[in-house]
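Here chain A shows up in two complexes: once beside chain B, once beside chain C.
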Partner chain A sequence: MLQIQDVTKNYQNFVALEHINLEFENGIYGLLAPNGAGKTTLLKLITTLLFPTEGKILYDGVEIRKLDALYREKLGFLPQDFGYYREYTPEKYLHYIGVLKGMERRELQDKIGQMLELVGLSEHKNKKMKKFSGGMIQRVGIAQALLNDPQILVLDEPTAGLDPGERMRFRKILTSLSKDKTVLVSTHIVSDVEFIANHIVMLKDKKVHCNDTVENICKKLEGSIFETVVEEEELSGWEERYQVVSRRREGRDIVIRFISRNGRQGWQPVKPGLEDVFLFLYGKE
Partner chain B sequence: MPEKHCGKGGIADERQRRGIYGGRLEKGEEKEQAVRAAKVLLSETAKPDFAGFMIDTFVNIGVKQLYAGMADVISIAFVITVLSVYLLVQVMLDKGESIYAAAFCSAPLLYAGIFVLSWIKERGSGSYELQMSCKYTFFHVLAARMLGECFLGFVFNGMYAFALALRYRADGIRLFAVSFSSLMLFSLLFAAGLLWGRGIRSALCCCGGWFLINFLFLFFAPAVYGRLLQELPVLLFIGVGVCGMCLHIRQLMSITAPSFRKEYTNAANTRCY
Partner chain C sequence: MDCRRQEVKRILTGRLFWILFTGALVVNFWFIINYRGNVPMVAAATVLGENGVHHVTVENQEEIIAAFAGREPGNAQISVRSAVEAVPHIAEYLEAADFAEIFIEDLRLTGKAADMVRNACAPLEKLLLRDRKNDTAVSLFVPCTAGFFDLFSYFLPIACTVEASLAAVLLMLRCVNAPYDNRSKELVYTTKTGRRLNRLQTESALFTILLFAVALWGSTILLAEGVFRMGELWQVKVGSMMMLHFFYPIICRFSISLSTYMLLQAALSVCMALLFGIAAAFFVTRTHRTVTAFFIISFCCALAAAAAEIAPRDSLLFFILRFQPVEFVKKAGRWFASGAGFLSVRYYEAVFGLFWGALLLLLLIRQYKKFRLEDI
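Take a look at the complex of A and B:
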């Protein structure tokens, strides 16, 4: 189990995270927050790229700073800006990363084959990565993160650059892995985690705003999300009065989905989704 | 979990108890076991030693992986070094300086060349974050490469000491000893810059400082410089080189230690590397 105990992180005088308390067990955790909310800092703390200014991060009761290489051996990480060597083939690149991860060379060769198969790059294993598309590069990134069969898998914006088919495939992979691993997915794309995450962690104002299941988080907005039909000229007035989370055109009219504490006649109450919560929390940011 | 008779109520009670609290009890036991195991492993890994460092460097990472994709860097550094050494020797001999002074000044060129070029290439790849999350971090690779560069410099200096000795009928052993001590002093200073300044920039400043001091010394006190290198005992140079090597390996081990990584990342919060 990974525990974050009262962690604060300052960059000189700037406070990036304040008194964060979290516990991660096996399963998928979606870390949702808009850009600049401290997601990446939190992930960097978990992956030992940064050290907390205050507080501790524990893995199975021991500080990760003390576990050092033992902890990193259990870690798989896909950074937001995933660095790679343009002249390398994916096979050569995975071999290099596998060695740095401390994997046995005999085991490594088999594992590279499996990972390339998993991300659908077997046919391209001998092509130089400089010829790859953004989506293919991202798939190599996912493969390297999974290479050492990590106990803790940390993925920072993993679906960036993937097409819808690749995203679906990626979600399938994550779901199959989450049984015996802690998977942490940081994203600002709600649909990436809405249907696969067991827990959602939302950050706001440098603190944990909520940490719960999708169902429980959405319950908090129950009875506050409505849909109604408005004319195009009225739309700006509605946007001023209410937080409009989405709009779609139906003929000459526009159907808006919005948040309001109380319902009125003519407003159709709808079931809140995670996206509604996200926009409710961060809409104005 | 083996079942055992637990006094009052026996197995049935124990089953019931586990039924109610089972998950929590098992989880608690697992956690305790994990903590114990981690503490045992901690005691085993707390002290990085020389053998461990060498095994990590040359066996677990391996020379092939350390310099994978670095053929261009090594070739360019090698060509630059050969040209620089040639020019330096010509210029210094034209000015009537000793061949030993030329050997001393040019000995760390290959080390510095490979380091700077490989660092530029590594930085360009943007793989720092990923490497820092691996068992062998960016610093393990950095330290291992620095050791490798020492070795390459040592071999290269040996070869050119031999070539200079033949060409200029100089004392080959003295040339080799002078270049060896120079390389190791430079490596020491370079790693000290990295450790003290907690950044590559400070190491590069030390590197520039070393060349600058040598050239200033050569410019303002050429006679003293030449005489020192020609007249100090060869054993002294070898002794300085060996001591330098031992200290340098200790420095490299410090670079891979968690404490340095923490200081470095804290200092690097506002910069790229």
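Take a look at the complex of A and C:
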């Protein structure tokens, strides 16, 4: 189990995270927050790239700083924007990362084949990565994160650059892995985690705002999400008064979905989704 | 599998290594080929060596002069006859004090510094006596060739040292800073190897620098042998020939052959390259910026060179600063600053090379420990 105990992170005088307390067990955790909210800082703390200014991060009761290589051995990390040797083929690149991960040669060869198959790059294994598209690079990134069969898998914006088919395949992979692993997915794309995450952690004002299941989080907004039909000329007035989540055109009218604490006649209450919660929390940001 | 082996493989299969190596060989070949006019003189000296003529004596003077007749280069400052006839006399009358004065004049020393040189040269008298007895004081090389000996005592060692040092800096910067340069730092430092990778990369780069320098020296000497066919001339006792090499080899301070001399030069050159490699590793681990680290190294060398140049020449402190620890950096600094001045065989350079090496190594270890605890 991974525990974050009262962690604060300062960059000189700037406070990036304040008194964070979290516990991660096996399963998928979605870390949701808008850009600049401290998601990446939190992930960097978990992956030992940063050290807490205050507080501790423990793995199975031992501080990860003390565990050092023993902890990183169990870690798989996909950074938001990762670099690579452009002249390398994906096979050679995975081999390089495998060696850094301390994997045995024979095990590594088998694993590289499996991972390339998993992310659909077997046919391109001998192609130089400089010729790859952004989506293909991201798939190599996912493959390297899974290469050492990590106990803790940390993914920072993993679906960036992936097309809808690839995203669906990626979600499937994550779901299959989550049985016996802790998977932490940081994203600001709600749909990436809404249907696969067991838990959602939301950050606001450098602190943990909520840490619960999708269902429980959405319950908090029950009775606050409505739909109604407005005319096009009225739309800007509605947007000024309410937080409009979405809009769609139906003939000459527009159907809007919005957040309001109190309902009125003519407004149709609808079941809130995670995206509504996200916009409710961070809409103004 | 060993990370070091993988890093070495990565450097050796990289373009930079081979561009630097090929470039260095082309420059050295250009140096060598510029001296191809001396091939007939070298051939004559080789034949003399094969015929058992290794020293200049009053008895074999005419044989030597005849062997070189008609082969003298047009730009020679002194004729073979004049040199060969002068050698036995110079060997007889040259004293240790003369060496000291040449050294003092060359470096424009005065006061206590000059006195120190005179005292340091006094014990040479015994060596001169020994060399007069065993004839190494009058060893025969290739006379009156307008700098053929410079090629081996000066230009090739300079070229190899500069090329190896430059390659050392570039290879080290490229290797150690790769995670920062190609933005893979977040990925590689979270693997099991973690920040230990920095040390492993430093060690791998040092190994490839060693390979580079040794291969460069080996290839250069092979090229020289291919062009000049030196044969037995590699065995000529040269020692401090560089003192008077402008016309002929005469006195040997250290009784060593040309091949041993070149080997010592190569060893110093390799040490120099490693030293620059360690310096590059230190600065790049500190700054994480390749270009910044390169400029800091250049600036430090230029600063040391400037300090040594402007220091007063009559003080003991200046002498120690210039010819002991600072000399090593100064010589490197000159290249970075103005492209002049390099190594010669002086034992204290090796000693202070080790001194600087140890100092830099300690700084590097300290920086590495700091890096393990810093935020990325």
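The working rule: the second predicted complex is superposed on the first by the 285 of 285 C-alpha atoms of A that agree within 3 Å, B and C clash if a C-alpha of one lies under 4 Å from a C-alpha of the other, contacts with A are read in each partner's own complex, and residues count from 1 in each chain.
What we mean here is this: a contact is a pair of C-beta atoms (placed from the backbone, for glycine too) under 8 Å apart; a residue touches a chain by one contact, two chains touch by 3 or more.
Predicted, not measured: the structure shown is a model, and the values here were computed from it.
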- Query: When the two structures are superposed on chain A, do chain B and chain C clash or fit side by side?
  - Reply: clash
- Query: When the two structures are overlaid on chain A, which partner does A:267 contact: first (chain B), second (chain C), both, or neither?
  - Reply: neither
- Which of the two partners, first being chain B and second being chain C, lies in contact with A:12: first, second, both, or neither? first
- Message: Once chain A of both complexes is superposed, is A:1 in touch with chain B (first), chain C (second), both, or neither?
- Response: first
- Hey, is it chain B or chain C that touches more of chain A? B
- Message: Let me test your reading of the model: by the given contact rule, A:280 touches which partner, first (chain B), second (chain C), both or neither?
- Response: neither
- Task: Go through the superposed model and pick first if A:61 touches only chain B, second if only chain C, both, or neither.
- Result: first
- Item | Shared contact residues on chain A - chain B and chain C | 44, 47-51, 68-69, 72-73, 75, 77, 79, 81-86, 96-97, 99-102, 144
- Message: For the complex, give me every residue of chain C touching chain A.
- Response: 1-3, 6, 10, 178-179, 182-194, 196-197, 373, 375-376
- Query: Can you list the residues on chain A that touch chain C in the complex?
  - Reply: 44, 47-51, 68-69, 72-73, 75, 77-79, 81-86, 96-97, 99-102, 104-105, 108, 141, 144, 148
- Note on the structure: Within their complex, chain A touches chain B through residues 1, 11-12, 44, 47-51, 59-62, 65-70, 72-73, 75, 77, 79, 81-88, 92, 95-97, 99-102, 144, 154
- Message: Under the definition above, what is the set of chain B residues touching chain A in their complex?
- Response: 31, 34-35, 38-39, 41-42, 45, 60-62, 65, 68-69, 125-137, 140-141, 258, 261-262, 265-266, 269-270
